[in-house]
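First subunit A sits with subunit B, and in the next complex the same chain sits with subunit C.
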Partner chain A sequence: MRNRTRTVVTAVAAFVLLGALWEITKLVLPAAGVTVGDIRLLPRTDDAAMPHVWTVLARLAEPEVAGAAVARPVWLAVLAGAAFTLVLAVGGLALGGVLGALLALVMQRFALVERATLPYVVASQTVPLIAIAPLVAGWGGKIAIFGWSWQPWASVMVISSYLAFFPIAVGVLRGLGSPARADLELFRAMAAGWWTTLLRLRMPASVPYVVPAVRLAAAAAVVGAIVAEISTGTRGGIGRLIIEYAQSATADPSRTYAAILGAVVLGLVVAAVVGLLDVGLRRYRGSVR
Partner chain B sequence: MKGTSAVELVGVDKDFGEVNALSGIELTIGGGEFVSLIGPSGCGKSTLLRVVADLEQPSAGTVTVGGKPPRQARVDQEYGIAFQQAGLLEWRTVAENVELPLHVHGMAKPQRQARAAELLELVGLADFAGSRPSQLSGGMQQRVAIARALAPSPRLLLMDEPFGALDEMTRERMQAELLRIAGETGAAVLFVTHSIPEAVVLSDRVVVMSPRPGRITEIVTGRRPAVGKAAELDPDDVEDVRESSAFFAAITAVREALRKGHEA
Partner chain C sequence: MKRRLLCVLAVALATVACSTTAPGTDSSSGAGGSQKVVLQLQWFTQGQFAGYFAARDQGFYREQGLDVEIKEGGVDIVPQTVLAQGQADYAIAWVPKALASREQGAGITDVAQVFQRSGTYQVSFANKGISKAADLAGKKVGNWGFGNEFELFAGMTSAGLKPASDVTLVQQQFDMQALLSGEIDAAQAMSYNEYAQVLEAPNPATGKLYQPSDFTIIDWNAQGTAMLQDAIWANTERLSDPAYQETTTKFIAASLKGWAYCRDNPESCRDIVVKAGSTLGSSHQLWQVNEVNKLIWPAPAGAGVIDDAAWTRTVQIARTAVNADGQTVLTKEPDAQARDNTYVQRALELLKTQNVDVVGSGYQPKQVTLTEGGK
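Our next item is the complex of A and B:
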């Protein structure tokens, strides 16, 4: 319990420290930045480029558009956007997780599949996300599954799962292959079949490999969802919101930072959920030997 | 089941590619008999045990375990096995580790829990049923591994240097424990070891092997203390054996057999 408290305190302290660094930077560096000749070495630190921390926080409470008839406050817009993206990222993580785990399972079962597939799995991650996004977005209007026509948010989820899939596939594959030879022979001596060995040995033994993989995949799913929203032009999420706000950043810089803050909080929420998974599976974290 | 031998090996060869690991092995282990395999590294003693366990296929010859082909014997859990490393699963409690073979074979939870409690009593670890394996000493872990091997009530116990990683004092205590357990369960034991005194004090017969190719050079009568089925084995009996002149004579006999095998 004391350990848990310390973690929370450290996390909050890190946030405060970051805010303090921001303000110190503003204080110490010249507002126009540092330039040598025509080359800018350090960015501008004036209020338009780096608004005060308190200005950003205050902006959250103000309406999205000043003077609009029906204006929701910025925090609500950011929260709604973050929630929308969260759902898509979690969906992407689930989809990528299931596909990655299934592929790892097949690769574990059939060495030939591993040799044939693994290079492509690795290669798949070298294709830039930006290149795939328009392709997947193009499915809209062309694909209908059982009468359900492809929606833009589905493209975002697929792109997000594309990023989440890789760490899970690799982590599960390593984890399933982690039991020592002696343990496998013990199961063989007990005449345990492939399924029983999977369930009672390989899967429990893979937990220390899978939990960090899920952590990586969750972060990748969030980044994937945000980038996919931007590159497919899907409305409603935090990614799109950042872009929208950034377009008027010269007039209203603190609003952009408010949206970025929302994206950071989103990432933290996902990380915390994965942390809970870690706590729940603690008994499997010991070494086998 | 009187009359059925625990293990029968007739003309068994085992080649790994060019290497001739076992050659012309003839050995019969009677029901309840304790047989040790001893010899230098590479003499094929572990391979022989693995052939009996159906973890390796013989290149030639026939193997019978409890009157069945090895594969059938394995599937029927005719034998229990213990290795040098206890190999306990860290995510299971001590009792759950003992239950593992029964769990794998789909025994209902109440039955297997009762059986595990019985076995932990037998190996003297009843108080540690809920502990994690990592909380136990090496000797205790090995006792859990033995209890696990005994879980399906096999009539044969295969042990590959189970005490090899233990210190000398723990090792001697474990030997006395094993003799008591073997006596109480009436199981035959095939025991691979590097230690001459260990082989002599435990065994009815000590099978001496030599390398390249691995073969049986001599069989020496061991000094296993006599124990009635009902009577508990007294650790002092084992101590008496260790200090008897017959014990030293048997050790000398095994040592000479080993040397002869080495020169040949």
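Our next item is the complex of A and C:
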């Protein structure tokens, strides 16, 4: 319990420190930033480029669209956007996780499959996201699954899972192959089948590899969801909100930062959830070997 | 063996479950026997597309028996590609960009030239003394790239400047901070969007908002290198189908009626766009509707009619103007199917029977007062 309190306190302190650093940067560096010749080394620090922390926080309380009939405050819009993206990112993580784990399992079982597919799994991550996003978005209105027509948010989830599946596939593959030779031989000597070996030895042994893989995958899923929203213009999420607000950043820069703040909080929430997974699986950590 | 059979069965089932559908190809009727039509925009919901939202909100599409779904654009959504691939029935796109896609094989046809004038400016602070293309010599000139820059390059070229060597080209972000902070001397701006944004920003020197008198504008319409922008594009192949032809006429008619409504009721159109989900402030939105109106009205030949001279000029610039990468938009003349005034003419006839003013000869733009941040 004391440990958890400390984590929370550290997290809050880190946030405050970041805010302080932001303000110190504004105070110390020249407003025009630092350039050597034509190359910019440090960003502009005037209020238009880096609004004060308190301006951004105050903007959260102001209405999102001034003059609109139903005016919701920025914080509510940001919160709703972050929640929407959270659902898509978690969905993408789950989808990517299941696919990645299944692929790893097949690769572990059949060495031929591993040799055949692993290069493509690696290559899949070199395809730029902005190239696949319009393709996946194009499924909208074209594909129906059991009469359910493809929705824009589903494209975002698929793109998010595309990024999330890679670390999981690689992590699980590595984890399943991690038990020591002696342990595997012991299982074989005791006439344990493939299933038993998988459940009792390989899976527990893979935990130390899988947990960091899920951490990476969770971060990738969030980034994937946000970028996919920006790329395809899917309404409702924090990514779309960032770019929409950024459009009017010339005159209202603090609103953009308010949305970015929402994306940061979203990332922290997902990291915390994955941290819980770590706590739940603690007993397997280093138990085999 | 049994297991293998199960596997085969599962795969077969999955294949059956995923069926493909395309809009329009099935003449499925929506609610109340209306026909479903998908329109793909090139960007998010904003005043630039007010006419279409107004036509939907005011029931002009329904009047024609159409149930129109308006799809917003995104950073990587190319409307003409979406149209050519059959995921939309109509798309809004700039003429040069759409023609470039057409040259690469996208089967699309300009069926109504909604914006008859160009909305692109090159904006600079008044004290820089940049009021015509020739004044850009030796200056830092911002441009967006990605096919949005050709009017600027054609303008500089026709003023005798070599864009590659006589000016410093700067890739511009989509906000205008680089102009205000002096990092670029002349920034690209749409009259209805980015130009309004600088007028919504506080001037640190006065504490008030920047005023139009603080800036000078190069308007490409006046410089003679304007290119046609927002047009309604239809699928060329499907235009041979009489049913799609009829839908096209109805869609254009209802859309133009929407634009006529926005000409006469800009405030109402602002509210419609805000209601449709735009997060731009209301004064900014009204400015946008008003500026867009100026690009459409008055329309002496009738709204939406593709003007021969403007089209020829656009194509000519697209073939000759060279951008920073040494490329032109088009390598050859587009074929005759690239544009077709047939449907817009029919639509105008239809609207005249409804006593809709499709010329707007007495159109007077409003004076919109912008507030800080477009609020």
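As a working rule, the second predicted complex is superposed on the first by the 280 of 289 C-alpha atoms of A that agree within 3 Å, B and C clash if a C-alpha of one lies under 4 Å from a C-alpha of the other, contacts with A are read in each partner's own complex, and residues count from 1 in each chain.
We take it that contacts are C-beta pairs under 8 Å (C-beta built on N, C-alpha and C of every residue); 3 or more make two chains touch, one makes a residue touch a chain.
All values reported here derive from a predicted model rather than from experimental measurement.
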Partner contacting more residues of subunit A (subunit B vs subunit C): C
Partner chain(s) touched by A:251 [first = subunit B, second = subunit C, both, neither]: second
Which of subunit B and subunit C A:95 touches, first, second, both or neither: neither
A:173 touches, of subunit B and subunit C: first, second, both or neither? neither
Which superposed partner A:182 touches (first subunit B, second subunit C, both, neither): first
Touched partner set for A:157, first subunit B, second subunit C, both or neither: neither
First (subunit B), second (subunit C), both or neither touched by A:50: neither
Subunit B and subunit C footprints on subunit A, overlapping residues: none
Footprint of subunit C on subunit A - complex, ascending: 32, 44, 46, 48-49, 64-69, 77, 130, 133-134, 137-138, 140-146, 149, 230-235, 241, 243-253, 255
Interface residues, subunit B side, partner subunit A - complex: 53-55, 74-77, 79, 81, 83, 85, 87, 89-91, 100-101, 103-105, 132, 134
Subunit C to subunit A touching residues, read off their complex: 17-23, 38, 43-44, 72-78, 81-82, 85-88, 174-177, 180-181, 193-194, 197-198, 200-202, 271, 274-275, 277-284, 372-375
Contact footprint of subunit B on subunit A as seen in their complex: 180, 182-183, 185-192, 196, 200-201, 204, 207, 283-284, 286-289
